[in-house]
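Each structure below is given as structure tokens.
Shared between the two complexes below is subunit A, which has subunit B as its partner in the first and subunit C in the second.
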Partner chain A sequence: MNIDSITLLNWARGSGFEWALAIFIFGTLYRVLTLLMLGRKRNLAPAKSAETSAGVRTVFRRFAPAKGLFSKAPLLHIAGITFHLGFFLILFFYTPHIEALKTVLGFSWPALPNSVITATTVVTMIAMITLLIYRITDPVRRFISDGHDYFIWVISFLPLLTGYLAFNHALLPYTLMLALHILSVELLMVLLPFTRLGHFIAIFFARFYSGSDIGRKGVSS
Partner chain B sequence: MSKQYTLMDHLQGQGITRRGFLKFCSITATMLALPPSLIPQIAKALESAKRPSVIWLSFQECTGCTESITRSHAPTIESLIFDFISLDYHHTLQAASGHAAEAAREQAMKDNEDQYILVVDGSIPTGNPGFSTIAGIDNKQMLIDTAKHAAAIVAVGTCATYGGLPHADPNPTNAVAVSDIIKDKPIINVPGCPPIPIVMTGVLAHFLTFGTIPDLDDLGRPKMFYGNSIHDRCYRRPFYEKGLFAETFDDEGAKAGWCLFKLGCKGPTTYNACATAKWNEGTSFPIEAGAPCIGCSQPDFWDNGGFYNALSQPTISIGETAAAAIAAGAVASVAASAIHKSAKAKAAKKHHTVTTDDME
Partner chain C sequence: MSTNTIALNAFVEQMDSSMSAYFQSCTHCGLCAEACLFQTETQDPKYTPIHKIELMKRAWQQEMTLTGKLLKSIGLAKPITDDDLSEWEKVVYDGCTLCGRCSMVCPAGIDISGIIRKAREAFVASKHTPEGLRHGTKRAMELGSPMGVQLPALLAQLKHVEKDTGLSIPVDVEGADYLALLSSMEIMYYPEYIGALAKIFDHANVSWTLCSEAFEATNAGIQIGSSDLAAELVERIVSGAEKLKVKHVISPECGHAYTAIRWEGPNLIGRPFSFHVIHILELLDQLRAEGRLKTTGSWDESFTFHDPCQLVRKGGVVQEPRHLMGMFTTGLKEMPDAGVMNWCCGGGGGVSANPRAEDLKHIVFNKKKNQIEHTGVNTLVTACANCRMTIEEGAEHYNMDLNIIGLTEKLAEYLEPNQ
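Right after this comes the complex of A and B.
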């Protein structure tokens, strides 16, 4: 009997997922705990205002672009926000994804219609391609980019592309495409904590740190 | 058995007119997805087709495949074809038993050397020859002996094609498919648990008409019947597209006939003709009856993570894995921090305060 695409799919849904999840949990926890255990030097100066509330405020406030920066690079902001929001919607509000997350988390929530998710996927991929073109064509961006940046673009783009193709039964037989889609997500899960994509969790600590630090000094964050 | 006895003779003997025969040829052409222009050729081929000898071997199986095929309702194509072929050995259906039955098989093999069609249902145990024997002959040996002079082999049912239920984890008999043992003969896989009668007879009709095996996919299945997924042809597909799913077997969605994806339907990854040919004389098929497709025509369908779990759900329980990963993450980070702190302390220890006196 041939090793066929259903065998690959079963591996992706079974052992593959188990390993990916274990590495993802391990990596994320390791990164967060080592970050927290680095500690902060005790600040002996009296605080001018509450630092914790300033930190929490900054975590949320920085979802919106900083004043003045948006008009300097509108395309970068629009494409960046679209990509992040799109990725979030697709990941958490597509029916089969909710079914998968239900297995891990034990609870579920309402989904968005498939047509909305399909359209969001197209828009998100366009946003990602726009960001890639911007990165390559803009001299400053190109200068500060290295192989790592292009690599994480690829591993972030693959789940969107394979998911879109699988949903539309395009290019390859559905079973194989679904297996590749799940494998691409597992690759992302494995690498997420150990690459610059680690910002998915680290950004909240970084924002809190900056916000509480300047808040303590009495600067409005 | 008269070797010159043709299908036309047989049909005339049953009182079927030429008009009826041509109608049968049209249906055959439709079933085989052939253009109408080929109907005269089919008629010509079938008119002069000799009565083929069929030897049917049953190994580790439940007889469901035979049950399915014998349930084809007269006078359908299935019954015509099955009346027409010379089923020389089938130990469930034949009157003879024991040595007399085996003698019939050996006689048919001798009389029709390199001409007979070998049909196999059931998987073959390779763990111990004694797991399954017929008249003292173990399944593997009987398959090898009978396949040797067969014109073609038709593996019927998921057990014969991919190992099926006996092959399911932990596979105590080390069961394998026909194609795992026989490598030098054309094998047509007709999987399903059981296969649809018309699919089985369609394959035989193709062989009778053209004397060749039909186009097969990468799993050895005739493309004309296994070319589309259940999902592609499912009448509930629009509900999938709209995102309307039955959540339980008796909710409003289930009553309204919404998509069964969340109830574990394997239609998107299953290739078979259920949604088009249907069952019980075209009455319905599992999804139409409100049951999700269990993917029975695919390899290892018993081990695909549960019949009632959605296709996107992981097939493993994650509790222990997650707990182990959390524990490992915590331990690793504490260890890493201890190393950081010790490095920091060492660096601080080595640090000498430089004063202006030292610079003099």
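Right after this comes the complex of A and C.
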């Protein structure tokens, strides 16, 4: 069992990671290139105000809730923002993650204390569970959701759960849990470009395009 | 070709970089539901904006994505059936005014109402359109107006207007600076608008004309979602304007007419215009800024202003009406969300031309009713004949004591008489 776990962990850290990284990078490039290659027709209606700068503004502005919308769905906003922020903090500021990223990027940055990361992980998981409950119980969310939405919830939740369990040496032997954690991250990396999780990159294009289309009419969005 | 293939092809024809980015960006957060009056007033989740474009998204998935193509090749793709198209026709037409609020709030930046506009092309191609809109479009193509208003009717109305104002209305004046367009509703129900134009242009000494071959500003092709028909209607205006060699074309107090001629027009016909398109409120505000409009007296009544969606969200005409009202009144009581995020009257985007949608239109009017009641006034000014008609009908339906006025004609009342 132990030897198997170690083999698994080594594979996950070695070729598993390399494969996942390659699929993630090429998959994302494929999505972006196919998107750009479709092109857009030149707009022949004279613009009222600059469209490019309006597009760029919208890219940033939409990180914040639309005016008046927060109070309509406070839970969704708080849980959604918490989950995204938490995920990024954990991914980029936990010591072992920084070390792993250093092997790819060649440089590193200061980490957050483990206690902060642990607390963030708990909060992030609570936020995700809240979003799941909201999706299941709210009539609008339930109506528009499909299997894909629940599937990407699971594959996004697994790295948090396995990471938390591995850190606390819970449920399974540490080596095995750590291997499972890394494998769950690799699964996420592989699926990111090919599922709705691809929004991580597509929203920048979407915001830019709609922001410039609305902006050229003299409206900031 | 089966309906499925026709619709699928028509959806795919609309795809470009932005569509692809939009479809890849949605995570079904459902926040757009909070921005849509059809959803908030009915509480029916099927009116969630992003759900309205589900069929187009399905087409994108099957035809434009790697996973979708793979699934389709092994027969696992969900087809777009006739039943699907009939079902969605009711949300895409009856349950959407293309008001654009959803596009303003989407955290992912998806221009949902823009997609719905494009999705309608596939409903037209596969013959899934509401009867009322179909008939209106047919009248527009054959008679020149969705309401069947033809030149003799216009000339008869002009005669009345000339008699009322004592001013002559220029028709087919070559070389005039401005060509004014009208909506059929203005000709038939609100000819005061034409009288107001005559008074204001006489006052400000603007060289203008109507065109006997191109007076209809509305575009049924845009509403039903047929770019081919829309382009033909735009061409009529372009040829009229070019024939009279005008420098500017004035879009009337009608929201979608402005969208049609100002923003979609050149793209529909595939070439830039030789003239400049301006909305009547933009022109009036320009005249005001140039000191060419002088008003006298003031209107003491308290009132509210309804921002037409196509003017604020889709046209950036937000401050102009407020500047103009400021010339003769201080009685404006703004509605909550006034301006760019104003709520739709419920009759735009072809809904008011679709009798099947009438009950739903009355239900969603409740939003406007609440907004108006919040201001505590019983006079409303607006700048769109279609909004005006919808609000009049809504007020009647709910027994509201509401007096509705067009902005241009109100302004004309307070002009200083020429020396």
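As a working rule, the second predicted complex is superposed on the first by the 218 of 221 C-alpha atoms of A that agree within 3 Å, B and C clash if a C-alpha of one lies under 4 Å from a C-alpha of the other, contacts with A are read in each partner's own complex, and residues count from 1 in each chain.
Heads up, the rule we're going with is that a residue touches a chain if its C-beta (ideal position, glycine included) is under 8 Å from a C-beta of that chain, and two chains touch if they have at least 3 such contacts.
Bear in mind the structure is a predicted one, so any value in this text is a computation, not a measurement.
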Check your understanding: Looking at the combined model built on subunit A, do subunit B and subunit C fit side by side or clash?
Key -> fit
Check your understanding: Which of the two partners, first being subunit B and second being subunit C, lies in contact with A:Arg62: first, second, both, or neither?
Key -> second
Check your understanding: Which of the two partners, first being subunit B and second being subunit C, lies in contact with A:Thr130: first, second, both, or neither?
Key -> neither
**Study point:** Partner chain in contact with A:Lys72 - subunit B first, subunit C second, else both or neither
**Key:** second
**Study point:** Partner touching more residues of subunit A, whether subunit B or subunit C
**Key:** C
Review point. With the two structures laid over each other on chain A, which partner does A:Arg196 touch: subunit B (first), subunit C (second), both, or neither?
Key: second
Exercise for review: Check whether A:Ala100 is in contact with subunit B, with subunit C, with both or with neither, and answer first, second, both or neither.
Suggested key: first
Exercise for review: Answer with first, second, both or neither: which of subunit B and subunit C does A:Lys41 touch in the superposed model?
Suggested key: second
Study note, to complete from the structure: For apex subunit A with the CA centres of subunit B and subunit C, the angle to the nearest 10 degrees sits at 170
Revision key, fill the gap. Across the superposed arrangement, the tightest C-alpha approach of subunit B to subunit C, in Å, is 7
Point to revise | Contact residues common to both interfaces of subunit A (with subunit B and with subunit C) | key: 30, 34, 38
**Study point:** Partner subunit B, residues of subunit A touching it in the complex
**Key:** 1-2, 4, 6-7, 9-10, 13-15, 17-18, 21-30, 32-34, 37-38, 95-97, 99-100, 102-104, 111-115, 169, 174-175, 178, 182
Check your understanding: Where on subunit B is subunit A touching in the complex?
Key -> 162-163, 176-177, 179-180, 218-219, 229, 231-232, 240-243, 245, 261-262, 268-269, 298-300, 303-305, 309-316, 318, 321-322, 324-326, 328-330, 332-334, 336-337, 340
Check your understanding: Across the complex, what residues on subunit C touch subunit A?
Key -> 15-22, 24-31, 33-35, 39, 43, 45-46, 48, 50-51, 64, 66-67, 103-111, 114, 262-267, 270-272, 276, 312-318, 337, 340-341
Check your understanding: Once bound in the complex, which stretches of subunit A touch subunit C?
Key -> 30-31, 34-36, 38-41, 43-46, 48-49, 58-59, 62-63, 65-69, 72-73, 76, 80, 135, 138-146, 149, 152, 194-196, 198-199, 202-203, 205-211, 213-214, 217-219, 221
